[in-house]
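Here's a structure for you.
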Amino acid sequence: MSTAGSGSRFAGVDFYDFDSLLREEERAVRDTVRAWVDEHLMPIIGDCYIEGRFPRQLIPGMAELGFFGANLPEEYGCAGLNNVAYGLIMQELERGDSGIRSFASVQGALVMYPIHAFGSEAQKTYWLPRLAEGTEIGCFGLTEPDYGSNPSGMITTARETADGWLLNGVKMWITNGSQATVSIIWAKTGAVDDPSSIRGFIVPTSTKGFTGRDQKGKLSLRASDTSELHLQDVLVPKDAMLPAAGGIKSPLMCLTQARYGISWGAIGAAMACYDEAINYAGQRVMFDRPIAQTQIQQVRLADMLTEITKAQFLTLQLGRLKDAGTMTPQQVSLAKRNNVNMATECARESRRLLGANGILAEYHSMRHMANLESVYTYEGTHDMHSLILGQAVTGLSAF
Amino acid sequence: MKIAVLIKRVPDTELRFSIGGDGKSLDQAGLKYDMSDFDGYAAEVALRLKEAAGAGEVVVIGLGPDGVPEILRKALSMGADRAVHLTAAEVPVDGMSVATALAADLVGQGYDLILFGRQATDTGHGTVGAMTAARLGLPCVTAISQLNISGGTGTARRELEGATETVSFPLPAVLTIDEGIARARIPSLKGIMAAKKKPIETRPAQLGPVRLTVKSLELPPERSGGRIVGEGPDAVPELVRLLREEAKAL
Amino acid sequence: MATMFAFAESRNGALRKGALEAVTAARQAADATGGGEVHALVAGAPGIETVAETLGRHGADLVLVVAHEGFGRYNPEAVAATVAARISAGGYRAAFFAASAEGRDLAPRVAGALGVAMAADLTGFEIGADTVTVRHPVYTGKVVATLELTGTPAVLSLRPGAVPAAETPRTLKVEAMAPVGDPTASRVVTTDLSPRGAAKLDLGEARIIVAGGRGLKAAEHFSLVEDLAGAFGQAAVGATRAVTDDGWRDPADQIGQTGRIVSPDLYVAVGISGAIQHLAGMRTSRVIVAINRDKDAPIFKIADYGIVGDLFEVVPRLTEAVRQAQGQ
């Protein structure tokens, strides 16, 4: 139970003894990431955000602790955690910053996962341990300038030649795109209006014709690398293709993994904002009393606490379903949509509670608020998930 | 090298907590527990010694109720090899009673080093380590801030008021670890998974008679609210005046 | 009428402040229980007997002098054996130690040798018929515990400064006492004792402490803190965990939960926000002054006086003003 004005180390939010529903190792995983964020990320994130820089120096430490692809098997150098523990990693990383969690999401759910799910044994044994160790950094090339919510319309092509696959196209809004050493590129091997010809390719970014270009001028996710990828006659060997991937379904499966992690991550961001709000309110004195003692701020805090608590239990069950193998993408849509939306509101309300101080980078809420606008939009916009749910319950597509 | 590390489970001291209805214990609601800070340093020291030697065994031992194994598991996640849980419904605040139980379990186990934290972050007495050493008849050095082990001898540094002491001692020995020697490593996720398979033996603690008990707990008197004397360097003369005339500190 | 024992800590042939506090406490305890005798024991290299008179002035009736070359430096095993033997034979009601670095090492060894419980790091005590009631801050100072200790002798160590040294002169007897066992045969040997940092005043002994935190922005700016300490005179320089972690200052200078707990007459916090783990180390200072540019910094809630402002402007001005006030 959080109480006002403790002003001390982040202790999460637990109003309903959520911890008692976690297994011991799930708590331990959560605690490890929380401690790492406190020690290594929090001291620098404000500056990174203002400077528009992803803290690359943190990658080895994250890798050493096993943050990348943590729910993939030990035989590939991964931690072999269950999905609830994986979710807790995302929660705690995003408590620090959505950009750092985005890095881990991409590396784990969008690069390591497809290699594990669709790759050959040779691809798995080569790439997965390196990605787990952080010696290779990955990015996921699906979205294009004109194909965001409608990825099956993509126009990046892969033409088969005697020497391999020739890839041409542009991808946009690609996290890690400029610093990645390897990319998973989704391209059509057949006609441009044939989504069933979509295949996935492992493309080292050093390949001739491949350029990653930072997208400048962001007001959100500033501590994250967001880039365009330009592929101009990029030639990769035949065995660069992921043998078991085919059609739009394959990249969507990856997105489901990432969206699952984001559902947890959003809770972390909301917790960070609530924690900041409640500590601030307990110490800030106005009209001879702490603002925590005013009705309007108490309503704010009660609303935030309620939304966070609801999201926690929703998402825990989602994780248990995933571990049981029965989780559906529509269930993930509900959680992503709800949790990110409530987190944007927590961040905004916390920002308002902080008053003028709330616009400074030394406080976290406005940074979370700006970041969460991206999280609201990416990995399926809020609106897209509304239609996914609508279709799921009515049987009728309104896309 | 065979090293024992004694770990105490303590309430997380940075959280707000309140005194329970009985007036002599903490209200359990919402209380989180963790490994005492100095014990974490001791565990880290043990792990580094084992890693430097390339071989050895680090055994972590904790005394107390049901929540102790989870704390021992954290040490196993850091890399300790096995754990022992000495069960007791309550941990006496009497260090001698605890030292009696610990010595009974440590004796004859062939430990080269037995490490404690300098003091527990809850009771803050700092007595159990030296008392355990006395009961075992082993050499003991307390509050060390630097350590070197070579063959069967150790050298340690201790910080005194305004001075630093260098001490040498033979193994086997009991050491209590101070701040500054090592920071406890964050357990890796693989370490957490590996710890699930490491053994935790359980046996009842053979506590000695309890002769120190808590009669009551109180919150310290609140310091009366601070006074902002002023802003910027212009406030300095007034501050100096107050320090001299009102606080009589100058 | 009960007899009390006090261990008088010394270093390099001179008594430590804790020795006088232990003897004072023993004297107070004896007076409160019918006015019995106080026996103080001091161990050191030959020549140590000269300190006996000071111990008598602070209330000792009998000073036991254990003079031996083997006690030139702290010799924990031999001192503990000697003290334990004396306490065991002497029928004392209580045995007082200072909870100094040495005392925190010695007292539990003695209790362990005697097989009795002890109460450590006390801020207060009352000797009863069968029990001794003591006070001790727990949970890093956030709570004060009242405890009861049974058994005789009651072994007690006192937090430095809890019982200020006071002179209550007695008619003094001095006795030489032989060490128990061979002090040169100890397994634990102190091979070196060197002063730390140019004879700096120790945090535990200084009347005034000036401490610096992250607000100083860089290690070299600690010169501001040192200048202010110099202006006060008789002031020690402390640091927060944040800056010792960053390597700006020696970890031994850290004031806080896992560092030093101090209780000076005046504590000046410069560029320190007031994290709970730091407050745990200094909250019992008599007067606290805080200088910080953030008026919402938690330190201001426990500071008696605060200046909100840029420390790079305020501190030099304060240093100058203090120098003038001290007539320098």
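The chains carry the letters A, B and C, assigned in the order they are written, with residues numbered from 1 in each.
The rule is simple: a contact is a pair of C-beta atoms (placed from the backbone, for glycine too) under 8 Å apart; a residue touches a chain by one contact, two chains touch by 3 or more.
For clarity, every value in this text was computed on a predicted model and none was experimentally measured.
Comparing the chain pairs A-B and A-C, the larger number of C-beta pairs in contact belongs to A-B. Farthest chain from chain A, judged by C-alpha centroids: C.
Every chain gets a centre from its CA atoms, and the centre nearest the mean of all protein CA atoms is that of B. Our note on geometry: chain B versus chain C, Cα centroid distance of 20 Å, whole angstroms.
The distance from the centre of chain A to the centre of chain B, each centre being the mean of the chain's C-alpha atoms, comes to 38 Å. Mean C-alpha position of chain A lies 52 Å from that of chain C. Shared interface positions of chain B, i.e. residues touching 2 or more other chains, are given as 14.
Among the residues of chain C, those in touch with two or more other chains are 276-277, 301.
For chain A, the set of residues touching two or more other chains reads 6, 8. Across the complex, chain B meets chain A through its residues 12, 14-16, 29-30, 32, 70, 73-74, 77, 186-190, 192-193, 195-196.
Interface of chain B with chain C (complex): residues 11, 13-14, 17, 19, 26, 37-38, 93-97, 99, 121-135, 139-143, 145, 155, 158-170, 179-180, 210-220, 223, 225-233, 235-237, 239-240, 242-244, 247, 249-250.
Of all the residues in chain A, the ones that touch chain B in their complex are 1, 3, 6, 8-9, 11, 24-25, 27-29, 31-32, 35-36, 39, 64-67, 70, 74, 79-81, 85, 89. Residues 275-277, 296, 298, 301 of chain C are the ones touching chain A in the complex. Chain A makes touch with chain C in their complex at residues 6-8, 280, 283-284, 357.
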